[in-house]
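Two complexes follow with subunit A in common, the first pairing it with subunit B and the second with subunit C.
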Partner chain A sequence: MRTIKIARDYSDTPLGRYPSDGEYNGSRFRDEFMRPALEQGPVAVDIDDAEGYGSSFLEEAFGGLVRGGFFTAEELKKRLTIEYKDEDFKLYHDLIWRYITEAKKEKGA
Partner chain B sequence: MEYALAILEALGKYVIYVSPSVVGVLVGGFLVQKYWAMKSTESSLIDYLTKELNDLADETLEYWSLDCSGTGKASDEIRQDARKLEQKIKGAIKSINSTLDQYGGRYCKKVDFTPLMVEISDACTSGQFEEVNRPADRTRFLTVVNATQRVKAELFKRRV
Partner chain C sequence: MDFESNYEETAVCLRYLRNASEGLFAVRKLRFDRLREISPASALVLASEVDRWNQLVGGRLKAEVHRWQEDVKRLLFEMGYFELLHLPRPMCATEQNDLTFLKFLKGHSGEGDKGKLAKQLRINIEAIVGQRIRKRLLFDGLSEAITNVGQHAYPLNDPSSNKKEWWLSASYDKGSRNLYVVFYDQGIGIPSTLPRSTIFESMKEFFGSWSDSQKIQAAMGYGRSSTFRLERGKGLPNLVEFFSAHEDGQLSIYSHYGLFQMTNTPNKPRATILRDHKTSIGGTLIEWSAKL
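Take a look at the complex of A and B:
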């Protein structure tokens, strides 16, 4: 299982949805990190140590996997693990799974 | 000698009949004082959390009232203000979440505040949050107020 630690491998201050919002945005994380890793097999994402996450980043990075038609929520439940040791990050764990569960595949995706 | 024995007998009766009551009153007083001291600390924490939640709601109102979709120097300044508020809002959510976690662990282990904080985070920072050229979204404030109000209501239930 491949592990991606967002604060170490991407940025400890990720923000925004699109490239126009900043270098470390949600769509770039989804397309350059999440999709390639998930296509190869199970992935664990460690969310600890970041300064904080905006819901827009989390929705684009994780909910966007379903909205974009790359994976279904059921596939992600089998392949994706969200890890944290710091209890303060349970909030973001729950937000990620909420966005994955609530995301609907967009027409034409 | 008889006088001394009478005094000792009186003291013995005092120890047997009166001391337990005195000890009971002292222990009871101590426990009541400890309870109210604990409630007072809890009440101060609830006041602190309420203020933090109100500040978060105010900052969120200010943020979503800013229109970042324009062009020109004035719009650049608005975008600068929005960038600052974004960091303040994210920091406030993390801080409130952490304090609520400690509060819950110490005073009400049965209440899980995480679902309520998920609602707050979603209300404050979803949609076009952190988008550079987003328009104002004034309808967002009601969602934020409702989400923060639910946490405050849960906290006020605990207040004596």
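Take a look at the complex of A and C:
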């Protein structure tokens, strides 16, 4: 299983949804890290040690996997693990799964 | 000048300055000698308006600082008003008190690493507090406020949209352990960017019975945004999280004519206030306060 630690491998200050929001945005993380890794097999994402995560980043990075038609929520439940040790990060763990579960595949995706 | 206790008079003064910077009439001098009090939030908006005047009209607004009330002068001095506006710093009698200020900061959402910026703002705020705060929630709130300025506050057809500017200040009262963080942008306001998601809302809008405060409240609802897209609009509730984490705290969002305010008081249910005013605040002002 491949592990991606967001604070180490991407940014400890991820922010926003699109490139216009900043370099370390959610759509870039989804397309350059999450999609390639998930296509290879199971992935563990370690969310510890970041400054925090705004909702825009989390929704685009994780909910966007379903909306874009890359994976279904059921596939992600089998392939994706969200890990944290710091209890402060439980909030983000729960938000990620909420966004995955609520996301709907877009028409044409 | 205080939005909480004297909204209309405060907003009218600031609107006057906005109109002057837009060329509706000329202003040469700011007369603050009759100003008895100024709150940190209204001082931030005032600084942003003078800043706008400097950019659009040019030159410097004259101010007879020696005639200002000492308390007003000291507060503006400690908040960094004179540095922000590149004005000569007046002599100010320092006073030992419990209040520490984070000097006015100005930024724009157009470029740069906003994540690093939001982190630095969090560090700056933590420095005046002198103790650990709920830093992740504060980062989330600040980062979403900055993101919202970039995405929604300044429409593309607005001549000032290329700047996408915002202003921030914070203060901490060691005696009462109250932290205040104030964030302001001069954009078109949350009510102007909220779509009508139901026929009922469209009808209320048509008949003018959907107030700005109700629109802000609707925007705070999960999944509402200016884009009609379900996945958008999850950022505004981020603003609630920091204040929600404290049992004694308040979140006030003034946008256009409306005020949406939530208050947590120990051992009491959360109180929500909606209020509408006659004068627009000229953008969006977000004020967090929490007893640490």
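Everything that follows uses one rule, which is that the second predicted complex is superposed on the first by the 109 of 109 C-alpha atoms of A that agree within 3 Å, B and C clash if a C-alpha of one lies under 4 Å from a C-alpha of the other, contacts with A are read in each partner's own complex, and residues count from 1 in each chain.
Note that a residue touches a chain if its C-beta (ideal position, glycine included) is under 8 Å from a C-beta of that chain, and two chains touch if they have at least 3 such contacts.
Just so it is clear, the structure is predicted and the values come from calculations on it, not from any experiment.
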Checklist entry - First (subunit B), second (subunit C), both or neither: which does A:51 touch? => result both
Checklist entry - Regarding the shared-chain residue A:16, is it in contact with subunit B (first), subunit C (second), both, or neither? => result both
Next on the checklist: Just checking: does A:73 make contact with subunit B only, subunit C only, both, or neither of them? Give me first, second, both or neither.
Outcome noted: neither
Checklist entry - Touching A:59 in the superposition: subunit B (first), subunit C (second), both, neither? => result both
Next on the checklist: With both complexes overlaid on chain A, does A:43 touch subunit B (first), subunit C (second), both or neither?
Outcome noted: neither
Checklist entry - Which partner, subunit B or subunit C, touches the larger number of subunit A residues? => result C
Next on the checklist: If we overlay the two complexes on their shared chain A, which of subunit B and subunit C does A:88 touch? Say first, second, both or neither.
Outcome noted: both
Checklist entry - Is A:34 contacted by the first partner subunit B, the second partner subunit C, both or neither? => result neither
Next on the checklist: Give me the intersection of subunit A's contacts with subunit B and its contacts with subunit C, in residue numbers.
Outcome noted: 15-17, 20-22, 51-56, 59, 88, 91
Checklist entry - If you look only at subunit B, which of its residues touch subunit A in the complex? => result 86, 90-91, 93-94, 97-98, 101, 114-115, 117-118, 121-122, 124-133
Item to check | Residues of subunit A touching subunit C in the complex | outcome: 11-17, 20-24, 51-56, 59-60, 63-64, 67, 88-89, 91, 99, 103-104
Item to check | Complex contact set, residues of subunit C against subunit A | outcome: 112-116, 118-119, 122, 135-140, 143-144, 146-147, 150-151, 230-232, 234-235, 237-238, 241
Item to check | subunit A - residues contacting subunit B, complex | outcome: 15-18, 20-22, 51-57, 59, 87-88, 90-91, 94-95, 98
